[in-house]
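First the structure, in the form of structure tokens, and then the observations on it.
Chain lettering (A, B, C and D) follows the sequence in which the chains are written, and residue indices restart at 1 in each chain.
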Amino acid sequence: MNNNFRILLPILSLAVLLGAVFYLQPRAMSYFGLNLLFNLAVPIALATIAQMMIMMVNDIDLSIGTFVSFVACVTATYLNDTPLLGAAILAAAILAYAGLGALIHVRQLPAIVVTLGMSFVWGGLAVLLLPSPGGAAPGWIRTLMTVKPPFVPMAVVACVIIAGATHLLIMRSATGTLLRAVGGNMQAVARSGWSVTRLKAGAYGLAGLFGVLSGMCLVGLTTSADANIALRYTLLSIAGVILGGGEFVGGRVSPVGAVIGALTLALAGSFLSFMRLSPDWQIGAQGAILILVLAVRLVFSRRGRKWREAKNG
Amino acid sequence: DTSDKRIALSNNYAGNSWRQAMLQSWAKVGDKAVEDGIVAAADAFTTSENQATEQAAQIQNLILQGYDAIVLNAASPTALNGAVKEACDAGIVVVSFDGIVTEPCAWRIAVDFKEMGRQQVEYLASRLPDGGNLLEIRGLAGVFVDDEIHAGIEQGVEEFPQFEIVGSVHGDWAQDVAQKAVAGILPSLPEIDGVVTQGGDGYGAAQAIKAAGRDTPIIVMGNRQDEMKWWAEARDASGYETLSLSIAPGVGTLAFWVAQQVLDGAEVPKDLTVPFLTVTQDTLDETLASTPEGSVANVEYSLEDAKAVIADAK
Amino acid sequence: MDNTVVTTITSLPKRPWFWAFAASALAFIATLSLTEGGGGGELLAAALTFASFSAIVGIGQMFVITLGPGNVDLSIPSTMTLAGTLSLKFMHGAAGLVLPGLGIALAVGLGAGIFNYLLIRLLRIPPIIATLSASFLYQSLAIWSNRGLRVKPPQILADFTTGSVAGVPNLTILGILLAVISWIVLERSIFGRWISAFGQNTRAARLSGVPVEAVRAITYVSSAVFASLTGYLLASFSGGAALNMGTEYLLISIAVVVIGGCSIAGGNSNVPGIWGGALLMFLIVSMLNSYGLGAGVRLIMTGTIIIAIVAAASGKDRSA
Amino acid sequence: MQLATGTGDPDPDVPLVALSDARVHFGAVRALDGVSLTVRPGECVGLVGHNGAGKSTAVNVINGGLTPTAGSVQYTMSDGSTGTGAQMARAAGIRSVFQELSLCPNLTVLENLRIPHRDLSGPGWRKRAARRISRTLDRIFPGHRIEPGMTVGDLTLAERQMVEIAAGFAEGKNSARLVILDEPTSSLDASIARQLLDQVRRFCAEGGAVIFISHMLGEVFDVATRIDVMKDGKIIASRPAGEFTQQGLIDAMGHVASEKTEALVAVQKAESFGEEVLRTPEGLSARRGEIVGLAGLAGHGQAETLARFFMSRSGGYGQIKEPEVAFVAGDRTRDGIMPLWSILRNLTLTHLPGLTRRTLVDRDEERALADDWKAKIGIRTGNMDNPILSLSGGNQQKVLFARALASSAPIVVMDDPMRGVDVGTKQEAYDRIRREAAAGRTFLWYSTETEEVCRCDRVFVFRTGRISAELSGDAINEENILAASFEMQEAAE
């Protein structure tokens, strides 16, 4: 019950924002328009899912932005020039993520520090790979990202697939349940004989995997990479998870919400440019709109709280 | 006739004086053009962080809004190619300047950043024929402009082998970052004879060197008013001489006129170059007088200037 | 007597801040080994000066981070920029206005802190997003108010921020003073207990009579005030406010807190570690620059060193 | 319906688990100091002892969660083979219901079953899990209102405890053969506790075994076939339940339970109370020096009423030297404990303003206060600077008690404060409450134990979030309370 309610808010925010965008710019209400509105949200959605995997086990990842940048650099160079080597590097990066998860748990390190440190490391590797912007997207990724399915644009299809697949994986599957349990009550999981180290490594590994997908998607859209290409994703992804109804601790996350949160963030940017504000205030308006979207939630979460209070007496 | 055409400026960063001067020049020239009925709109759009992804989204939104031309200072020469291609496919004229894009369908108003780096060393060679030790202050790692200017400086050092770069730091094009980085590396460096910069970091370097109690070397400046003022004061006090060079923020207005010309049906080559703005010992007072306090030396371009630049390129 | 000295020394590595200072010392020595010991005084003075800025914002950030998961102040950079911009514009180089200028800067901090808190409290926006959103507004305000024009600070203020007493930079004295006060507040005062209780279990704190809302409000306000003070000092120190002057302090403020050994789960803070972290962040970059390493390698090494320090410092038992 | 009690017919002579001379040391603390114990099929072992005696530690050793420093633990599988270690313990069908709840509040009831029941995976696991848990819940707690799809965080404490108990008894790949219940009834009201006791008896009758830990000796006598008494890490007596008397048991545990207590319980005359000091919108009221009880079935709004009252009398924005109310939490981890702090700091938190001189905490005075209360209430620790989490559950609860009583607040709100406190300590606490009340303090006391409620001067019975009866004087008795709590349900049935 409660879970369903949690997901209603993000959906509502998105719907309101989409309505506003359509009102300001009716042209957006088309196959072409929807694709333009949402296609750059696909890599953000993937990065948000990656962040969600980490937040699911009560950690936070400050390196996802630089990691996606690093992946983008690998994709635009090695994966394009020597696909096998490129794939091996990306696989190693995922393993590195999993290893970090294990290390963080075994040595009881604060994840925020380790990932902060890793953000420098990934950033450094990216700069080494591409000191200057360049590289090229492998053709197949480019094709995949620009394919035009009938009726519904690729961006929307991709978001639905991402949301659906991760929902099945995290919310429905037995393994996903265990992963969320680590966030809810790690001790209980350990007491039942599960290896929390392995589970944490798994969650981090999944984050790495979705980070890799995000980077590849991004290059598919931009056609080339640079070392700073996705720095913003760190904050965007955290904001996306929260907008989607996730919480920092307690394993309370929602993959569908996360994807919707990412879409909302992307849409908020578009909404602003349709408003044609003075450049002085365009940056401030980004803040204002975030505040507004979250304030809309307030009305509903107030009601939600009352409802819960009434229920629990 | 372009009186019903709408032109948009897509800018990826507003967080420094250079970009602010650029936006102001744009507003000044653009508003005038709208008033005069030359174009229907000249709107400026800016994103918060210097990020290609955000700018790509912005360009896509501009496409949706149906602008006829997009003037672009790009966050990345390549990472926007996808969005730029989409714009071209939608029949929109794309003109990039300062931060140019490599997508062939777009126009480029380029500054020879490499030459800007090389000339700094050349100037130092004219001042210090015996050569000496150089400190290089770079910009933001991984950004095109930084790499280009750096390459130019390296080329200059090759050309004038009497110079050696003994230290290199990243100042991220921010005064305080440069000051901090220079202060950190100075203690381990020998005597410095010259400082080569990327613009806007000279004042910070001068401060750090002064704080370390060293003699001020020849610091190549970047046209910031505070730098030039410092330079003028040092000149009056002790005859300090140096050179200052940077790209003028007003280049955006040149791009505006180029876009207007393309929309007007004029035949414009895809690649145009503009000279960067150089301030020498002789022009210092004059430039300083015309630069608002705390801003950047600037020139704005007119339709005639644009036509001249186009004609030159043919 | 001897015994206590020995136990103090052997228990040093267990102190969370020990490793930050140890690593700073190593970086310092490594840098100087390039010049066979020359320039040590210079490097130390520079480190102390620049670490002061990071330390002051770091202290504010620490107050916030101690409140527990999800509490981070992302508006520090833009608060710095806004405070620097408005106060320098107001003073416009006039020596007589130094104190009113400081007042303006602090008022900016106060306002920003209260605004952040209201977003968190009234609109119930998670702090990370509230401060992020607010930071955009502050940045716009700064742009709107002065368009990035660099106004020179009054000479007397510039002299103060770059000056020193008996070889110790004024800024460092100020930074240490603030650190000592914060340390007393956190360790000895009732307010420190309350922050710590808030960070461990907000609900239980409330039920134990802790005025949690006041604690949270004061915490966010002090973070913003520390940021605005730093903005004022930094702008005066570097010859004017720039729109991007705070940018790098976003990561630095978080880094010095966590490197210094503040438990990120909240409820535990550690003031000396802030200075350790601040010195380290400066000295690492100086060392790697001095060795002529490129940006890529430098970033990688910085990250590795940060991780190595927490790995070394993480005795499993960190309770206060 | 058939209960899951393992396969084949259990041989009552082969012990399910055998502990021999197990020792566990935490630093200087000898939590277990040479414990030998065997549990056979069909047995229900009642494990009793004072707070910190080592009961929970023994549980953790038996279920394999803790490896003893010395001694051995051996399990016998249903096929007769033996083994050691946590994995073997699981394979042998050893299940635990822990004192500190070990559910994940973010998961649903059925998802929580997935954690201990490792065989739940693959397609259709949700359906199987839902069936498994609801079948067990129906069987043990008929009339419960728990759906498998409910999120655990939304359940009341009692409901959570029920889920956990059900998970312990539910069938699975390795069906339950020994279920360890560590204070399972501490947050259950009487009727549900009775359902649980019935289940334990049934389970043992069908060949299962149970270790039952409780401070409510009545319950232990009710179900146990054998009672083991622990004291300071040792088992000091182990006899069939019939050979103990309640008093004998208390004596064996080493507490001097005073006969005088009954006298102290004597209810004061209404006239002797002071003026009315509180009245809530729900209709709850209390006078100075009065002990007001809140009764009713668990989860009918008592805790919420208390919390609301507390919030209304204490501010989020300011605290004065003399707080109006102090709170004693029942749900320790959620509402009470500061996990990173020492015992000392946990104890003095509420009274801090009184210990503060010019905003600085007077540490000598703080220590004096803490030492004073350590002695008064008997907190079993060598050093008040030890972390709070090193205390046993009952001792943590004492610290929370002391936290509130040490303050100068004229009203003390207690949310089931005796949860997990041993008999002797309880007795002392009752005395203390009585004395404080006589000195003019007012107590609002919610308890799941009718016996405790009966000690109050006035009782409000709650049903579905409302006050259904106000009892005072002789009217306060189990019958009336039960009648008022059940009225509607009975009418409905």
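Here is the rule we go by: a contact is a pair of C-beta atoms (placed from the backbone, for glycine too) under 8 Å apart; a residue touches a chain by one contact, two chains touch by 3 or more.
Which protein is which chain? UniProt says A = ABC transporter permease; C = Autoinducer 2 import system permease protein LsrD; D = Sugar ABC transporter ATP-binding protein.
These numbers come from a predicted model, not from an experiment.
*Asks:* Treat touching chains as neighbours: how many steps, at the fewest, connect chain B to chain D?
*Replies:* Minimum number of steps from chain B to chain D: 2.
*Asks:* If you tally contacting C-beta pairs, which comes out ahead, C-D or B-C? Let me know.
*Replies:* B-C
*Asks:* Which chain maximises the distance between its CA centroid and that of chain A?
*Replies:* D
*Asks:* Determine the centre-to-centre distance between chain B and chain C, using the mean Cα coordinates as centres, and give it in whole Å.
*Replies:* About 32 Å separates the centre of chain B from that of chain C.
*Asks:* Nearest whole angstrom, what separates the Cα centre of chain C from the Cα centre of chain D?
*Replies:* 45
*Asks:* Find the geometric centre of each of chain A and chain D from their Cα atoms only, then give the gap between the two centres in Å, rounded to an integer.
*Replies:* It comes to 42 Å between the two C-alpha centres.
*Asks:* Find the geometric centre of each of chain A and chain C from their Cα atoms only, then give the gap between the two centres in Å, rounded to an integer.
*Replies:* Centre-to-centre distance between chain A and chain C: 29 Å.
*Asks:* At which residue positions does chain C touch at least two other chains?
*Replies:* 136, 139, 143, 263, 295-296, 299
*Asks:* Can you pull out the residues of chain D that are in contact with at least two other chains?
*Replies:* Not one residue of chain D touches more than one other chain, so the list is empty.
*Asks:* For chain A, give me the residues that contact two or more of the other chains.
*Replies:* Residue numbers touching two or more other chains: 126-127, 131, 282-283, 286.
*Asks:* What topology does the chain touch graph have (line, ring, star, complete, other)?
*Replies:* other
*Asks:* Output every touching chain pair, sorted by label.
*Replies:* Final set of chain pairs in contact is A-B, A-C, A-D, B-C, C-D.
*Asks:* What part of chain C is in contact with chain D in the complex they form?
*Replies:* Those in contact with chain D are residues 184, 188-191, 193-194, 196-197, 200-201, 203-214, 217, 263, 267-268, 319-320.
*Asks:* Would you pull the chain A residues touching chain D in the complex into a rising list?
*Replies:* Residues of chain A touching chain D: 1-3, 172, 174-175, 177-178, 180-181, 183-185, 187-189, 191-194, 250-252, 308-309, 311-313.
*Asks:* Going by the contact rule at the top, pick out the chain B residues touching chain A in the complex.
*Replies:* Where chain B meets chain A, its residues are 11, 14, 23, 27, 43-54, 56-58, 60-66, 76-83, 85-86, 140-144, 146-148.
*Asks:* Can you tell me which positions in chain D touch chain A when the two form their complex?
*Replies:* 65, 86-87, 90, 96, 98, 102-108, 111-112, 114-116, 118, 120-122, 125-126, 149-151, 153-154, 156, 299-301, 304, 464-465
*Asks:* Give the list of chain C residues in touch with chain A in this complex.
*Replies:* Result: residues 69-70, 74, 119, 123-126, 128-130, 132-137, 139-141, 143-144, 251, 254-255, 258-259, 263-265, 294-307, 310-311, 314, 316 of chain C touch chain A.
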